[in-house]
Every structure is written in C-alpha cells, then in structure tokens.
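Shared chain: subunit A. Partners: subunit B in the first complex, subunit C in the second.
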Partner chain A sequence: MSGPAERIVVPKPNHLRRNLIILGVTALIVGSAWFAGFDLGRILLNLRKGGRLLGRMFLRPDWAYTPRIVDPLLETVKMSVVGTFWGAILAFPTAVFAANNFIKNPWIAQPLRVILNVTRSIPAMVMASVFVAVFGIGAFSGVVALVIFTFGLISKLTFESIEAIDPGQVEALQAVGANKPNVLRYAIVPQILPQFLSYTLYGFEINVRAAAVLGYVGAGGIGQIFEQNLAWRNFDRVGLIIIISFFVVLVIDLASSAMRRKLV
Partner chain B sequence: MTDRILVRREPNPLRTLYNILNYGGLAALVLWSSSGIEYLGIMQTARGTVEALLKGFVLPDTAYLANWTKDGLPYAIVETIAISIAGTFASALLSIPVALLASQNIVGPRVSKLGKVIVTAVRTFPELILALIFISVVGPGAPAGILAIGIHSVGMLAKLFSEAIESMDMGVKEALDSCGATPMEVLFRAMLPEVAPEFISYTLYRFEINVRAASTLGLVGAGGIGAPLIFAIRNRAWPRVGIIMIVMVVVVTVIDLVSGRLRKKLV
Partner chain C sequence: MIQFTNVSKTYPNGVQALKGVNLSIDKGEFVAILGLSGAGKSTLLRLINQLIDTTEGEVTVNGVAVNRATGKTLRNVRRQIGMIFQGFNIVKRMSVLSNVLSGRVAYNPTWRTVLGLFPEEDKQIAYRALKRVDILEKVHTRASELSGGQQQRVAIARALAQEPLVMLADEPVASLDPVTTIQVMNYLKKINREDGITTVANLHHVDLALKYATRVVGIRAGTIVYDKQMKDIDKDNFLHEMEQVYGRRIHSDEVLGDEE
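Entry: the complex of A and B
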C-alpha cells in the first residue's frame, strides 16, 4: 500500500513444537503397540489359519440351525426394548433435575451428574457380568445392565438438551405467573420431546447391539447360544448366528435411524 | 380491541386415532417384550451377594493396586490403555482410505453409496465377536484386542471422516488441480491439511470410546483389565471387583476429561 520499497516478510513457521508433538505421539503409539505385544509378522503368519476359520464359519453356515436361534434372537430384541423403555422413563426426571436451568440447585444437580458419569464409564458388559453374579444367569441380569446403561446415556444427552433450550419461552411463562410444573409442561417438554425421543431410539440401537453380545457373560439373548457353540467349536453354527444377528441388528439400526432423521 | 387470545383447538379425529395407534403400539411392544423375561428367577442369595459386593466397594483390595508386577492392577490398566491407543491409531489409518471411498465429492455418488454401506456394515458388526474371531486366529491376548478395536472403529471413524471430507471447502483442491498437481499432491497438500483437525478430534473421541471397549474385551480374553475383572467376579472376590471397578471409573473419567480438553482446543 505504501512505498514500493516495503517488503512483506513472512515469518518462517516454527515447526519445533509441532515436530515435538508428532514425535511424542509416535513414541506413544509405538510404545503402546510394543507393550501390548503387537507383532504384525506373527499376525500375517497366522493369516491362513484365520482364513480357514472364517471359511468354516461363513462359507457353509449350518442353515438348518436357524429355527433354534429364533427364540434367543427375539429374547435379545425384547431385552433391548424393556431396557430402553425403563432406562428412558428413569432418565427423563433425572435429566430435568440435572439440568442447571430448571431447578437451579447445585446440591441436586451435581450429585446426579456424578452418578450419571459413573454409570456411563462402566461398560454394559461389565455391569452385566456383575449382575449375573448377583441375580443369576438369564435375561433379567442383562436387562438390569441395559436399564442402567441407557439411563446414564439418555439422561446425559437430555439434560444437555434442556440446558440448550430457548429461555424465552420459560421467561414468557414465568412473566404471566406460571409455576414450575407449568413451565416444565408448556415450555421445556415441548422443546425437548423430539430430541428425547431421538435419544431414546439411539439408546435402543446401542442396546440391540449390546444385548446381542451380553449373553456371552450369561446375561441372556443370542449371545448365550453363541458362546455355547463357540465352546463346542461348531463353527458352522457360529457363522450362522453371526450372519442372522448381523442382519437383524442392521435392519433395526436402519429403521431406527430413519425414524430419528424424521424426528429432529 | 376485543380479539380473543384464547382459541381452543378443534379436536381432530384423525390425530386422536394416530395418537391412540402410536401409544397403543408402544404399550403393546413393551408388554410383549416384558412377557418373555423371567423376573422371578432372582437368585435366593441375591441379597447376600449385594451386601458382599457393596462391602467390596467400601473396603477394596488396595494390595492389588499396589502390586507392580505383571499380575497387578497397574499393569492391567496400562495394557488396557495401550490396546486402546494402538487400536485407535490402526483404525484411524484404515479409516482414511475407506472414508475417501465413501465420500461423494471424491468418488462420485454411486461408489460412495457402496462405501457407506460397507462402513455401516463394519459398524454393526460387534467388537466382541471380532475379538473372539481374532483370538482364534492369533491366540488370546492384547494383539487380538488391538485388531478387534482397529477394525470395528473404522465403522464410526470412516463415517465421521467422510462427513468431514464431504463438507470441506473444495476451492483449495480446485486451485491445486488447476496448477496441475498430481492426485497424491492434491490429497496431501489440499485435502489432508483441511480436514486434519476434524480427523484428529474424531480420533480422540473414538479413543475415549475405545478405552471403555478395551476394558470389556478382556472379558472374552483379548487382553486388558477385563480379564482380571471377570476372574474376580467368578471367584466372588468382591474386594478385588471393587478396586478394579473404582480404578476403571477413575481412569475412564480422567481420560475423558483430558481428551475432551484437547478436542475443544482443536476444533
């Protein structure tokens, strides 16, 4: 802009920090692989064995076994429905109390949030194995694990949605003298209901996938006969179970995400 | 100014019918589902077990936490984190080509549809089953866990990566194209720098999920903290169950916090 003599000096970028970060991350990754005993050579050597195993599973699955897996599959779906339903029912009031723009009492909200964080940091499989020890082998233990897991997930997502609502509607109702239940009913619920339903469906998708494997630790559903057949090395049946449950889960997933797209 | 503000909504019979069908359907679904699960089968000993379990949480097995050998808790924790790091890295590498294959602005609508179907299929395939398959291939242990996490995470990472690629600014790519850059140069000079922050952020997010996954994979023998946990549960060693679960919650929470901070800085 000024005189033609002025030179634009582009400072040479300092790559030291970036290179140090890259070096550190690389060291972390290589160190992790070494610590875990990851040996690509050995894995490649075993590739043929793996191919043979996959062939036994998926090339000639035992189709005649299909009628036997219908009931366990239905049980898996039932477990997910019940788990999601009760998880969502428990989650709604919890989310209302955990959100900081409705009750505004940190002595209620903070402990609830700690509980939610704890429930979400324990994987459903781990909870299921504990409940199997407590309640015994069967679908009930799996359902309890799913309820707790879904409860944590939906509560967290919903209370974040409640905190993000348009405060104008709440203020408008308060200005005309509405009490708390009325604010909840006419300002908060209508705004978050579609999201809440969408989160519930999302939880259901996750639960169907989780329920399909919960049986491995004895918590009911298709995983239980999967585990038995794997233990007896009936790989043709294992393959069949994997194929059919895969398609069931895929169909439920696609249907549920189509519904979710309509909701929000 | 005598307009009435209150207007009563006319009842719409179709809407009522729709509501009845909706709620009725939901109620029927829940009832049907509840029918198959046996609630009375609760073990007689449940009460005693719960008491013992709670006692295990109050008085956890701290000696196990202080055991620095290969059989101790610190080793299992480090192994779990190592599995998650190596598995997440492997899946991020695998996800880049898969994501390109699923991006409409790279390979066109038809191929990207196919790529998206592959990605969904990978996501639906349970990690635990993958781990079991890999255990029968490479034997029990952490490498099977790394492979399972590495493959399964592609289902989510490639989806997020391809969404980032599809929403990126194509101007940079066109500028390089018009200067005669080769496809490789376009990939490394225009596309990767554009999407790198998002890629790294998604990878960190997946890392958080994978720490949880790695702690379950041990239940089936794929390394990590799940193995000592399932042994402790089977042996009813509740103080040990207590310490493992407490440490697990702490580790997961700390990793979530650190990784969440990093992600906020990135994007």
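Entry: the complex of A and C
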C-alpha cells in the first residue's frame, strides 16, 4: 500500500471521430446553402426595397380598419378552440390504444402509430388546402385540418407519457383483480391527466398560430382577409392585421403557458 | 390455503428463478420468506396472484388452480388476495379514499367503478379499513402528501378493503425507518391474527421474521432450503441455521436488534 504512487497512464483521446463530425456538419450547412441558392448579395440588395415596404406596413397602419378584423380574428380563435377540442377528444382513446404497456398487441399499436406519424408529417397548411378543395372555401376546411393535426400531435405525446408511467401502480391495481378499464381509470388516467391537459393547451397554442395563416389557402379566419389585402397591396391594412394578430397570439400564448406551468 | 406443487418459473430471458418448489401454507399462517437478493422471493409471491405466469407445476389458492385461471376466474381469485409492495404503489395523484376504494373494483361492475360510483357499503368498508390502520383522518388527503409509512398504511387499507383471505407483502418495510417498520409490521400481524388472514411476507431482516412470523421459509437460488414452524425454531441456533439460506453465517451484530 505504501511507497511512491504508481504513475497512471491512460491512452490519448481519439479526436478523429469528433473532427470528422465537425467537418461533416460544416459541409452539410455550406452544401445546403449552395443548393438553396442562398446569396448574401441579393439579400442586401433587397433590403432597401423590403425596408420601404415594412415602413408602409408598420409606420402608419390603418387603425380605422380594426373593427373589420375583429370577426375574422374571433373566427380564427374559434377555429383553434374547436380544432383543439375535437383533436384532443379523439387523441385520448387513440393514445391509450397506441401505448404498448396498456395494449400488448402490436397489431393494434403499430398501425395506429403509423397513422399518427403520417398525420403529423403533413403540414396543417397542406391539409387545409386539400380540404378546401374537398369541402370548399371556409372555416370548416380549416377546422378539419386542425383537428387532424392536433389529433396526431396530442396522441403521440400522450401515448409516450402513458408508456412512461410508474408500472408499480398498474401492477398494484392488477393485483386487486382490476380489469383493463379499471386499470385505465385508477392507475393510468390519474398519472397522465395533468400531462394530457398540458399537451392539449400546447396544441391550442400551436393551432392559434396555424389558424392565423390557414386563411391563406382559403380555410377561413384572419388569414383570408390578410391574403385579400395583400393582393390589393393595402399595405397599411396588412400591417394592422399583423400587429393585432401578433398581440392576440402573444396573449393567448402567455395565458396558456402560464396555465401549463400550473398543471404539471 | 396456498399450495405449490413442483412449481418452476423461467423468465423470458432464460433466468430460472424457481426450481421445483413444493410448499403448502395453511389458513392463518404468517409465513416469512427469507433469502438473498435474487433468490426468487418476489417470484414466489407473484406466482400466488399470477402477476407473473407459472412455467411449470401448479399453484392453487383456496382450491383454485390460479396458474390456469384467466378472465373472470382470475379476477375473482385476485380480489381475495391483497398485496403490498416495497414501493407502496398507491396512486399518488388520487385521494386516500379513491386509493382504498380501488381495492373494491373487482367487486363492482366496471361501468360503476369507471364512473367512480361506489356503493355506500363499499365506502364503509374503505372507512373501516382506514380506521384499522389508524389513518382515517387522512381520508380526503391526496396520497402524494403522505409520508412513506402513511402511504404503506394506505396500501394496507386498500388490501384490507378487498376483504382478502390472503395477504402478500413484498418487502413491505424495506423503504421505511426502523420505528415505522415496527408500526407497519404490527398492523400486518394484527390483521393476520384478528381476521385470520393468511400472510406471506418477503423480509430482509431475520429478526423481523423471528418476531412476527409463525413460520420461516428460506429460499436459495430458486429452491426452498429451509422451512420451519416458529415453535420448532431454536432461537439461539437460528442465526446459525440461516447459513443454509444466506450462504454464510449471520452475525448477531448484523441484525436490527429490538427497536421498540
């Protein structure tokens, strides 16, 4: 035990892997900028033009136009509320069946997961434009798009929460003779309910933002008059719509985040 | 009451946790299961209520072959077997009352329990259960606000609400301090004695086994290597006998001592 301490020799770290990764990532960024035709000079050239346009939008917005945008704005919020509500209602049972610790049968869970992945990978805008083609112009098409999108989002987050619950509480319920609905009600729901509500609010926040632009493809709400005014080059009104939408979205976002913090 | 006949359990990963176990437990016994970590104690307990399935042999509880029971039969057997765990496993985000009432789910139609509509009778059973472990005053408290010892008492109350014939306890006091340990063990003993509930408890302390059990069963590497009624146990020689179970002698300074 005594005597001079033995010198410890550890092998030199190998940086080759790390350096290769840095090189690879740099190549990817530069490559994709080149591929996308990113040209700094052009951006600088356009900056003056863009500045003039921004000035027309935000220096003297057309405040008198405000009453006219109240209804479309309300419609946007309503669309998000309805979209989130139905999305969440559909998401709950789906999440339960997609969770592999509740339903052990992969023939049920796996197809559901594929469907969920598909619904989340299609942007709400794209879905909305398809539904506008199917159901016609108006808020209904937007709502359907939002329902599907929210459904995919909340289902996915919730089934992941279900898979992360404490299995001991489930086991204790099984030990008293509980069947599947009993386990769901007394061991799973109490554990995931706060998270589920939080995801629903999160979905609502995303939907308010999505709903604001959905009108661009004719799916109702504030986006629709935004698009009209832009087409008529009424930049003072476009500016007003942007300012007011920004504040409405901001307020909803803040309120919803505050509620979510209380939940979990 | 509980009968193991040539029971073996092999887990899907190939671990053979029990090998040819024969064990017969009578009504009203308080059996302490001792053994090293990994010896197969939890496996033995979980076979009794079939939280895990039997690989070979037969397990019967009150005459019912549980290893073959499914669906309704299994539900009816399980509701007569209370179980408490080292980690308590009560649902922290529910009230104490809901937790104890959940011990009644298998006695009620599913639609009623899902709506939370338990009959007044069941509520009375729940209150009585809470009263027996002296925690009735916490009936409307959220379970997450209780201490470990209190949570374990709620777990006992949930098991009691099942009006069980058998009580299984998997290291019920392993996460409790010595004083609370004695308290919880006393409740288990009281219930065992007053209601004649057959109790099987995995314990990590030989002196708790000596103090509370009427019979000690030792498991080593999946086989029963020791099985004696308390009245046949020579207390002075007990630590020496435990060598067969633990593989080496337990020294007197390794036991808990008297905590009261």
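We adopt the following convention: the second predicted complex is superposed on the first by the 247 of 264 C-alpha atoms of A that agree within 3 Å, B and C clash if a C-alpha of one lies under 4 Å from a C-alpha of the other, contacts with A are read in each partner's own complex, and residues count from 1 in each chain.
We take it that contacts are C-beta pairs under 8 Å (C-beta built on N, C-alpha and C of every residue); 3 or more make two chains touch, one makes a residue touch a chain.
These numbers were taken from a predicted model, which means no experiment stands behind them.
Participant: Please name the chain, subunit B or subunit C, that touches the greater number of residues in subunit A.
Facilitator: The larger set of subunit A residues in touch belongs to B.
Participant: Between subunit B (first) and subunit C (second), which does A:S121 come into contact with in this model arrangement: first, second, both, or neither?
Facilitator: First partner only, subunit B.
Participant: Using the touch definition from the top, say if A:V143 reaches subunit B (first), subunit C (second), both or neither.
Facilitator: Once the two structures are laid over each other on A, A:V143 reaches subunit B alone.
Participant: State whether A:Q174 touches subunit B only (first), subunit C only (second), both chains, or neither.
Facilitator: In the superposed model, A:Q174 contacts subunit C only, not subunit B.
Participant: In the superposed arrangement, does A:Q191 touch subunit B (first), subunit C (second), both or neither?
Facilitator: After superposing on A, A:Q191 lies in contact with subunit C but is clear of subunit B.
Participant: Per the contact definition in the header, classify A:I242: touching subunit B only (first), subunit C only (second), both, or neither.
Facilitator: A:I242 contacts subunit B only, not subunit C.
Participant: Subunit A residues touched by both subunit B and subunit C?
Facilitator: Subunit A residues touching both partners: none found.
Participant: Note which residues of subunit A are touching subunit C in the complex, please.
Facilitator: Of all residues in subunit A, those touching subunit C are 166, 168-169, 171-179, 181-182, 185-187, 190-191, 193-194.
Participant: In the complex formed with subunit A, which residues of subunit C make contact?
Facilitator: For subunit C paired with subunit A, touching residues are 49, 51, 74-79, 81-83, 85, 87, 89-94, 98, 102-103, 105-106, 110, 113-114, 116, 155, 158-159, 162, 168.
Participant: Which of the residues in subunit A come into contact with subunit B in the complex?
Facilitator: 28-29, 31-33, 35-39, 42-43, 46-47, 49-50, 53-54, 57, 74-75, 77-79, 81-82, 85, 117-118, 121-123, 125-126, 129-130, 132-136, 138-140, 143, 209, 212-213, 216-217, 220, 226, 230, 242, 246, 249-250, 253-254
Participant: For subunit B, which residues are in contact with subunit A within the complex?
Facilitator: So the residues of subunit B touching subunit A come out as 29-30, 32-39, 41-43, 46, 49-50, 53, 78-79, 81-83, 85-86, 89, 120-121, 124-126, 128-129, 132-134, 136-138, 141-143, 145-147, 212-213, 215-216, 219-220, 223, 226, 229-230, 233-234, 236, 241, 245, 248-249, 252-253, 256.
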